[in-house]
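Order as written gives the chain letters A, B, C, D and E; numbering starts at 1 within each chain.
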């Protein structure tokens, strides 16, 4: 089993604070799903941003199927089959819902885009209902769904999700996790950050615990979810 | 809402309406928050919860309806007046003041600072300095509770998503309100920390503060909130203890997932 | 002053003519604003650049206006691109106001480069000046009418481009959230360059039309920049049809000066009109967000 | 004495006066070069230091400060905008530096300048009065006054009304417009409605160019009259002949048939002399001759000697070379310059000026008459 | 040379005052004010008219200049409170043009484009011109120092904190319990008062004011000064003003030594060099020479 994504001794951060990630090594095999959990400010989002090309790494490497991603701009990473849903600012507020989805498929051929948009409208009736509305008028949870929808406009090799369920109603969150599981089942590798940790570990195969810019634990998701130490410290009980 | 409570409501909303160019966000919402409770307001995404907060806190005007706070009609008042009256809300999508530090963001919400007058700002009387010191003291305590001590001197723009949410709660606490409105305070907050926050809010209630919380985390709601008000499509749906509403078929259908009522 | 309805109609018509001259630079301004979210006052410099480029082609090399106009577009667009890449792009992270200030300095720089090369003398295009047409006592100048036509065509074209094409969508996406656009596969810098090129080019065409209507010198753009900015703001920053409409409001507002106050208070009347509009619509007539 | 004498020029090289300043500076430099090749002032070479006033009083004052305090100029010349002149005037008299100006505002020579100001531009009252009378003489009865916002718009209007009424005519309309605009259609409509036989364009080159074009488009068939500085020969490069044909201009002028005038025209070469350049040519010449006459190139000496070389019974000269030669020979001179006879009254205003009227025909000016 | 340097320092003082005034309105509160020259002009005219026509003593005239501008600032703030960013820019720009055109056209009051000359200066005429310059240098820079200290205190106070919060997000400031409009009005008034006071001082130094002197170019210079110095930092305003004057003046000497170009080209080179330096400065120090820093530290 060759790793799809390999992160090696990655060090990076923002401007002067350039060591938020203090040497992270993670590997994600093809078609696998891993959940990253950890306290607020641990560097989970920073890690995803670094993989997605939004941050310049100070040292270390990121590879996708052996190809070096480090140094590529976000669009370069996207073109190689990585889709990313950021935690914040993950929609285009003044574009309509439909245009947001179309932007999600910017790199796809026109026909595919039309087809997938219709597919998403069928899957998320709320989006269909609001297709002409500016995305800025969506409620918090609706935005989250739209952001997810945009990522589904492409058929990525690797999907990076930063707290996809934040702000969703239990019912919506549940169906979102179902969706994620389904996407995964179709063969997409997923790296997901979640504070809804138990749910996330329930559908993921691997778990990664990130604390203060370092990988504190890795292992099969089920094992981590049942580890009392991990539960106490990071999973709230 | 059938059982008439002996205490008068601290917050009473009646027939609140607001639409945005054809989208009806609030469609005659009515609800009451009794003093000394931690009341939850839950409902599907897009039910109008945040819009209700916007209207209550004066950030936007309702098209119709009344908001009575502590016997006083505050409908359509300016936000600062409403805050002054003792009602403070937090924002769902954390709106830091990016170029102020976390500490300054917290201090900003301090009330009754004489140093906000021009003369006092220049002359710096003892009253101002004392108040500032007191506010700092409080800010440090709040930050400590919310795990923000380490980032107090960071600009708000340089916070993680969860830290911004925490700061959002912290700011509202700084205002020492009588009624605190929290819009999804623990979305994106680490479960261990949100349990701590829940217990903190519980102790605030015990000290006499009233809290109205919008939240989608059912564990959090179940452990902390009573009563729970459910709204849907801009309207009041049902109210009761968590167990009561969770058992309601309409609520299950519209809101809860399998896991919650399983 | 006003004797009958014809005089009023004439003033309105004059306003439309004056407005149409402001239209292209205002659209150019809003085109850049729509994507990059900063007010680019260097539009004045680009307009002057276009005016001079067109003049050189027309008066020195004898090109007809139909050929000189595209050249004005090209040269001004390239200058705008150069200014963006060399000066403004590195400043964008520092915030829109910093870029706006730099763009004022850029206008001064361009003005003086032109002054260095061409001197201060007024120059006129090599064009016959046509007499007005008269309809029932109302006069219209065919040349100005033609300029209005050019402006409306450009405005319409750009509106369609931005509203309905993939490029237009990408432009608005970059305006909203350049980082996210990048994540979705758009090169924000390329989009920015396209916007700046189109915006600068339109300003250049506008400058050339001003030149055809009047005459040119290094201050040509500077003279109209206030009105152009006003038009863009009144119409709604970032809105292409807004810029066209705003240009009309400002044009008519200025021509109305004679009726309301005195021609000496032209600018004042225009600003009163602007204030009035903004009192009722703080985000401009067609501006979406604030 | 070997250190050069320094004179200062403060013309507008940028800003609204930009179309005029460069030619003005060239005219002054020409004079200085000629004087230097004629041996300078008592053997001292002359240096012309200049600063751009940016057509802005604030920048003008800073420029004047530099010229006076750093270059230590002994005379300042070539200020154009009235606001700049008024702003730098106090600096000049406080530092005893005479100031030669082309600014038109009547108030300038009313300042307490203790003889330091010399203005070659006839004051606006005189100019308008003369011009209006001339127009009356040519049969004008309804004259429209189209004035750029300037220090003399209102006083011009008062004078015109008075003179027209006395002559049996009327000012048929008066519009003050903003100068730095690019369209004046509604203003021109007002002119058209007024059924005037003449329009007086009391503005500057950029705006008058636009007005002429607009008047042509509107089909105005009356007389178009303006100051020569508002439509110098360079308009022919900007506007087609069919637009300019018939435009009448006027300006202060020396005697036409005097050899001096013809020589001056030749000296300026192919470039037509605009009125401001003619005036600053005279500024430089007067400053140099006055210094030579007084035997010392200080501000006070220059101030005190200007009138000596300009009026009286001396030998007529029209250029600096001849003037220096005659003064060196101990002869009295009476300088008559390119802009006119250059005689100043006690306030520093020019007097006894004649005016030259010209009409545009086929891309050139033809002299109509000199009065 | 000394006299010249002193005069330029006096000018720098005016610019510094203006930049300080602008900094309260724009730097701290985030209200774009491209009409600052209008407030400057109001102060100048008020003081000039009161001292020349009604013979008020000069210090009263200065105070009146500040008060008149402050009043205009307060009214302005009330009118434009709803407008943001660039929309505010155009209205304030328009305000300055209105002031300039009114001064040009209302001849009965302002003497029109002729301007007002013979404005008295402290001990002018009693002392030699160089002494007068020195006296004024003292007055202006004392004013700068006083205003600086006051504004710096203001900016590092809870009041300043609220202003900065309003700059970033009005809604949040309002929810924090701050009456946003009232803060904006006060900030605008204070800034306008400083601008007006600067105008009054300027009028009595120059002895002459005219509408031409209050053209947008001056606004551009001051905005550039503030940006160059660092928006938000009071020290930045002063450093920026000195920088701009130094730039304006030093380019004279540089352009003079370039051979082989005509005077217009020299003038063009000079203005071009000024513009270019500012662009380069911003390019390499986008936050200005003195970036805004926070003084409220959790750990002192």
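Here are some notes:
One rule holds for everything that comes next: a contact is a pair of C-beta atoms (placed from the backbone, for glycine too) under 8 Å apart; a residue touches a chain by one contact, two chains touch by 3 or more.
Treat the numbers as computed from the prediction; the structure is a model and nothing was measured.
With respect to chain C, maximal separation of chain centres occurs for B (centres as means of Cα atoms).
Annotation: 43 Å between the Cα-based centres of chain B and chain E. Per-chain CA centroids place chain C at a distance of 36 Å from chain D. For the pair chain A and chain E, the distance between mean C-alpha positions equals 50 Å.
Within chain C, contacts with two or more other chains are made by residues 112, 115, 119-120, 262, 264-265, 267. Interfaces, counted as pairs of touching chains, are A-B, A-C, B-E, C-D, C-E, D-E. Residue ranges on chain A touching chain C, taken from their complex, read 52, 54, 73-75, 78-79, 84, 86, 89-95, 99, 102-104, 106-107, 110, 134, 136, 150.
Of all residues in chain D, only 13-16, 18-19, 21-22, 149, 175-178, 180-187, 189-190, 193, 205-206, 209-210, 213, 216-219, 234-235, 237-240, 242-243 touch chain C in the complex they form. Those residues of chain E whose C-beta lies close enough to touch chain D in the complex are 1-4, 7-8, 11, 101, 104-105, 107, 112-115, 117-118, 129, 206-208, 210-213, 215, 217-218, 248-249, 252, 262-264, 266-268, 270-271.
For chain E in complex with chain C, the residues that touch the partner chain are 32, 79, 82-87, 89-91, 93-95, 97-98, 101-102, 104-105, 216, 220, 223-224, 227, 231, 261, 264-265, 267-269, 271-272, 274-276, 278-279, 282-283, 286-287. Those residues of chain D that touch chain E in the complex are listed here as 13-15, 18, 21-22, 25-26, 50-52, 54-59, 61-63, 65-66, 68-70, 81-84, 86-87, 89-90, 94-95, 105, 107, 111-112, 149-151, 153-154, 176, 178.
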